[in-house]
Every structure is written in structure tokens, then in C-alpha cells.
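Data first, discussion second: the structure below is written as C-alpha cells.
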């Protein structure tokens, strides 16, 4: 089944959630899906359902109310999953970092695997980040498989 | 600059707003600023390009009547006044109880009225 | 009485890239009431402005909204200039106008794409966003960044347009006009789009005034109000008339936006033709003091700033009333009586920008 | 019908609209602002950039002669580049890529702090 996993490596599905901030990065993420950049040629698909998604793309700074939604979405995604924080707001809070309503970075709410800074992140940079995330995902999957295969041996 | 300001008193508010509503003025917004001992309120109206501002001040504990009977859209700025300043609004039809934009998880109450918050003993923002 | 159901619409929904929730109260398929639930994007910018230096607040203003960032810096810079009595050089005023119109173009194209997507017209969505990339290329070439441009500053502009950039702009504008000429008949005549928009989300002129509608939402209902007529920046010297439609529905609002794209192209061309020579920046010294109100026409409508400064390094109060905040009551009014399937499109028809609403 | 045929033919021969991004990279525009970089040997530790930064992402330590930037908080506004008297901060055209961990980039200056000559800028 090697070809299945190699095919799956290049087709992760994305779930995008804007947690706050100025939505500049959110717009750039949508721009990355449109003809000039066309994320779908890598087999990536933007889905609205957390159960279908492999990669969670977080843009914007996490505030008191959206943090709960983000946590919910993350918990609903099935393993293995990768979280990408796009933009400085999602990384550390950016210019809003000392605001009263904010968590300084998405990693205070969900475990973040990849940080992509810049304000706002370019579509090219978003493509870079998502390709790296796809590799990470494949790596995690392989590790999980190994762990599965080895587990019975160790018991026996 | 801030021009076309009409100074009124709190009790004249409803009457004046009723007149403006009859003359087809649009409500733009309501602004509150914390001043010593209370709030300074400005109601912004416009007719075409010309603006008209109604201005009066109130104490911390005073209640402001809601102008939603004449301008239903006033529920948005009035809920904001409740949220950010803790101003009491009487007879508000859609009342979010200080949860319009802030949430129950927000660590501070009335962030734009730090002196009022300090007086009432809730958590204060670091200066 | 029929049985009522409550459906939460959002916060995570495919139609909009931003989180907002509507609690829709339904009787079978009809919406009887809608209650917006906000607060998913609140950052507390008004409070941060009372702590930060007023020159740094300019960057905060830029980050109120990623789509109309230019307009917010323009409004903030103009407000501070009025407080401090600074006269901006004429060339800077024209540059500001050009960049503001580029911002309006990209915002309208973005909306057109999202609307096409909500209707279910995928290829039109792709086409409009392809045209939008042309505008973004112009913005990047002249301002150095795609979204957060930071070109407008207190006292003028940070960058200047030299002959090469002007040529680039004019060349790309022609490209864009061609693309828009292809897109326009689809929006105005396509039966699919007409079916989804004509008569959907009615807002009469009287209601629009009473509920405080602004921008394309008001102009789609026959109110000829455009804050650009106030003549800020260079708009006073560029002759133009606001685009008005009288059909009072989503179709009218859509046509206003599509036609405004052509108007923006025309305005940019006029501004380039009239661009005066000279300096673009004057030095700013001192601190602002006093009160000021600034009204500006954003892509989504009228933006209102109230600034109060007491001669300190930071502002005493900065009230931001954004167009979408003003368009929320009309939206609630329009949604009442609509069918559930039409709600996403009606919500889009006022061009919601939640980042603006919640600051 | 013929109109449609023309469009089909046009699309068959036309170049694709998509930029083949990772394979082909477009040269960034000369004015593009990617990220800030420090030329530490020119730094005189005047702390002007630290004061001017709207996002408070710069930390300058005169005693230890270090200059650090948190790229994960920097909003690329260019204020520090403008205020720097010795042009020790430059705007690079390369944007910051994704990373697994976020830590500030610290640059350390060797040797004595250079003397500031206000006219040095004109000579360059």
C-alpha cells in the first residue's frame, strides 16, 4: 500500500479558521486558492468540515471568544493533524500582542506545528508553509504506522 | 474639527431626537468618553453631508434613555456603550448584557472606562 | 402558532472568510428574526490607542481591516493633520487618492468573487479573483506590499510614484478594464445571477434612511450619498458623480459595486493625468490637541472617526464607527422574511467586514 | 456558438494563468518589503529603533552589544529602517519562510561600538 500513502501525502485537505485580527492573511489564503497561485494543483482542498481536514490553518490573533471555537475545531479533527499559524498575529499576537482580549499566539490554545510570520503573509509563503506541512503530515503518518507495526512484536 | 455641536441636557434627549427623526436625519453613531466623574456623550446625526452633534454629560450612576423608539439601529452603539463603558441604558429592546462584543471570558470589564472600573474594584488594565 | 427553530449560522462558515454568528429564528423555511452574535474578532484597538504613541497608532489603524487598510490610514492621517493644522502637499493628496481607489478596486473585486462563490458560480469567482490579482500587482509595484502597504503617513506619503510606476499603472489599468468588460455583462445579465439576486433582500429608501444604511447598501436603495463628495484628498478636483441604483435589492447593490469599479479606473486615470509635481511629505512636530470628526468613503460605505487628544503622546479617545457596523441593522431587517437558503447571499450583499466591526 | 468556440480555441493556445510557484519564482519588485535585516557592525546602539517599533519586537542591549528582532512579531512596517541614523537596518526583499519553532534572531557585535559621524551618511 505504499502508493496509497504516497498519493495521500500530496493531497491533504485544509480547514481554515480566522480567529480575529485584520483578516489580511485570511484574504491572502483565499488568494492562494485562486488561478494565479492555485493551491489545488497540489491536491489541497479547502473544506469547511473539521472531520475531513488534515491541516488546520489559523490566521489572526486568538481572542477570548474565538479561542474556544478554535479549540473545538482542533479537537474535532482526526489524527494525524498539523496546525499552521499564518501571519504574525497567529504566531505571537503581532502589533496587538498587549491587547486586553487576546492570547499572545495561537500556540497558547492549540499546539502549533509550523509558524509562518510576515504581515500579511504572501500567497507564495502560504504555499511554502502548506507544502512543508504536507511533508510533516506524511512524516507523522509514517511514524504512526511504524509504531503500529512494532507494537505487536514488542508484546510477543 | 468638531463643528455643529448642540449642547443639550439628558432630559431633552428624547424630545430632540424625535424632532431629528421627523426631519429625516440619519443616526451615524454615539460616542462616549470617560471624563472626571462620569461620561461625555456625543450623538452624531447627519442629513446628507452636514452633520449635527448632540452633546451632554452624565455621572457614573446616571441612566440614559434608549433612543431606539425613533432609531431602531441605535441598539448597536447603545450596546457598545454598555460593553466598553458600563453606561446604563434604560429600556433597551435588544440587550446583550455587556456581551455584545466582549465575552464572558474577557479578563477586564469596561475597558474604555478604566477609572470607573478601578472605582468599582474590578480588574484594571496595566497602564 | 407554527413551531419555531433556532439555527446558529456561523461562526465557522464556508461563505465568509471571517467568523460571525447569526442566530436565525425560523418558522419552517422563513426567517422571522435574526440576532447577530459578535465578538469573535475583537482586539480592543480603541483601548490600545489610548496607551500607544499616536504615530504608532497609525499602524494600528492600518490593521483594523486588511481589505480597506489604505482607507483607515488615510482617515487617521487626515484626522491627525486636521488636529495639528498640517497642510499636505498637493502631490501627496493625489497619490493618496490613487492608492485609495486601488484599494477600492481590489475590495470590490474581492466582494464580487465572494458573491459569485455564494451563488455557486465557481468559474466567475475564479475570473474575478484573477482580475483582482492585476490590481494587487499594481499595489505591490507602487507601494511595496500587497495588503499592509503603509504608504500613507501623517504629513503626506512615504513613497512617490515615478514615471516608470505611472506607466506600469496605466498599462495594467488597460488590462484590468478589458477583464472587467468581460465580467460586467455576466453580473448584469446572467439569468442564474439574476434569479438569485433580483428581489432578494429588499431595503426600501425610507428604511435605508431610518436604519442608517451607508455606502453601496444605501446607494443600491436610491440614496445618492458618497462621502467622496466632501472633497477630501484630491476628490474635490476630480469630477465624478456617485453611482446610484434604485432597485433596492441585492441586484442593485451588486450593480453599484460593479459600476464603481469602472468609476475607480476613471478616477485613477484622471488623477494620474492631473498629478502635480513637488514634495510628498512635510515634517511633523508636536502633539495633537483638540477634537475632530473625520468622515471618509470606504469601499463598504461611510467611515466615521472621532478623535480626542489632550496634548499627550497618545490619544484620549479614538472612536471608530465602521460602515459594516452601520449596515448591521439594515441586514437584520433584510433577513427577516427571507428564506434560509437566501441568507448567505443577503449577508454578503452588504459586504460584511467583521474585522472592521469589532476592531 | 462561434463565440464559445473562439474562447475555447483561445484558451487552448494561451499560456496558463497560474504561476508555477515553487518551480518558477518571480523576481520580487524592487520596492518589495520582505523582512528586516541587521548590519550589526554599523550599529551604534542608540535605541532609536527600539523606541520607534510599533510592535515592540526589537530589543537592543547596549551593554552586551546585542541587537535582537522577533521576526514572529515584526509587522514589516519599516519604521526602524527610517529612523536608523547609521543605516544599520535594511529591508530585505526575501520574505520569511515557515519554521518549526519561533525564537528571536539575536545578532552580536564584536569589538568597540563605532563612533557616530552624522556626515557619514552623506559620504555613502
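Think of it as A, B, C and D in the order they're written, each chain with its own count starting at 1.
Simple rule for what comes next: contacts are C-beta pairs under 8 Å (C-beta built on N, C-alpha and C of every residue); 3 or more make two chains touch, one makes a residue touch a chain.
Just so you know, these numbers come straight off a predicted model, no measurement behind them.
Engineer: Taking each chain's centre as the average of its Cα atoms, which is closest to the average over all protein Cα atoms shown?
Structural biologist: Given all protein C-alpha atoms shown, the central chain works out to be C.
Engineer: Please compute the C-alpha centroid of chain B, do the same for chain D, then give the distance between them in whole Å.
Structural biologist: Here chain B and chain D have centroids separated by 43 Å.
Engineer: In angstrom, rounded to a whole number, how far apart do the mean CA points of chain B and chain C lie?
Structural biologist: Each chain's C-alpha centroid was found; their separation is 25 Å.
Engineer: Taking each chain's centre as the mean of its CA atoms, how far is chain A from chain C in angstrom?
Structural biologist: That pair's centroid distance is 29 Å.
Engineer: Please report how many Å separate the Cα centroid of chain A from that of chain B, as a whole number.
Structural biologist: Comparing mean C-alpha positions, chain B is 41 Å from chain A.
Engineer: Name the residues of chain B that each touch 2 or more other chains.
Structural biologist: In chain B, 102-103, 111, 125 touch at least two other chains.
Engineer: Which positions in chain D touch two or more other chains at once?
Structural biologist: Chain D, residues with two or more chain partners: 17, 54-55, 75-76.
Engineer: Indicate the residues of chain C shared as contacts by at least two other chains.
Structural biologist: 39, 42, 44, 47, 51, 59-60, 63, 130, 148, 358
Engineer: Determine which chains touch and list them pairwise.
Structural biologist: A-B, A-C, A-D, B-C, C-D
Engineer: Can you check the complex and tell me which residues of chain C touch chain B?
Structural biologist: For this pair, the touching residues of chain C are 35, 38-39, 42, 44, 46-47, 50-51, 82, 209-212, 225, 227, 229-230, 290-293, 295, 302, 304, 306, 308, 316-317, 319, 321, 325-326, 328-330, 358.
Engineer: Please give the residue numbers of chain C that touch chain A in the complex, ascending.
Structural biologist: Touching chain A: residues 11-14, 17-19, 39-45, 47-48, 51, 59-60, 63-67, 69, 110, 113, 125-126, 129-130, 132-133, 136, 146-148, 353-355, 358 of chain C.
Engineer: Quick check on the complex: what are the chain D residues that touch chain A?
Structural biologist: Within the complex, chain D contacts chain A at residues 17-19, 21-22, 25, 34-35, 54-56, 70-76, 95-102.
Engineer: Quick check: in the complex, which residue numbers of chain C touch chain D?
Structural biologist: 52, 56, 59-60, 63, 130, 140-145, 148, 150, 158-159
Engineer: In their shared complex, at which residues does chain D touch chain C?
Structural biologist: Touching chain C: residues 17, 29, 31-33, 52, 54-55, 75-79 of chain D.
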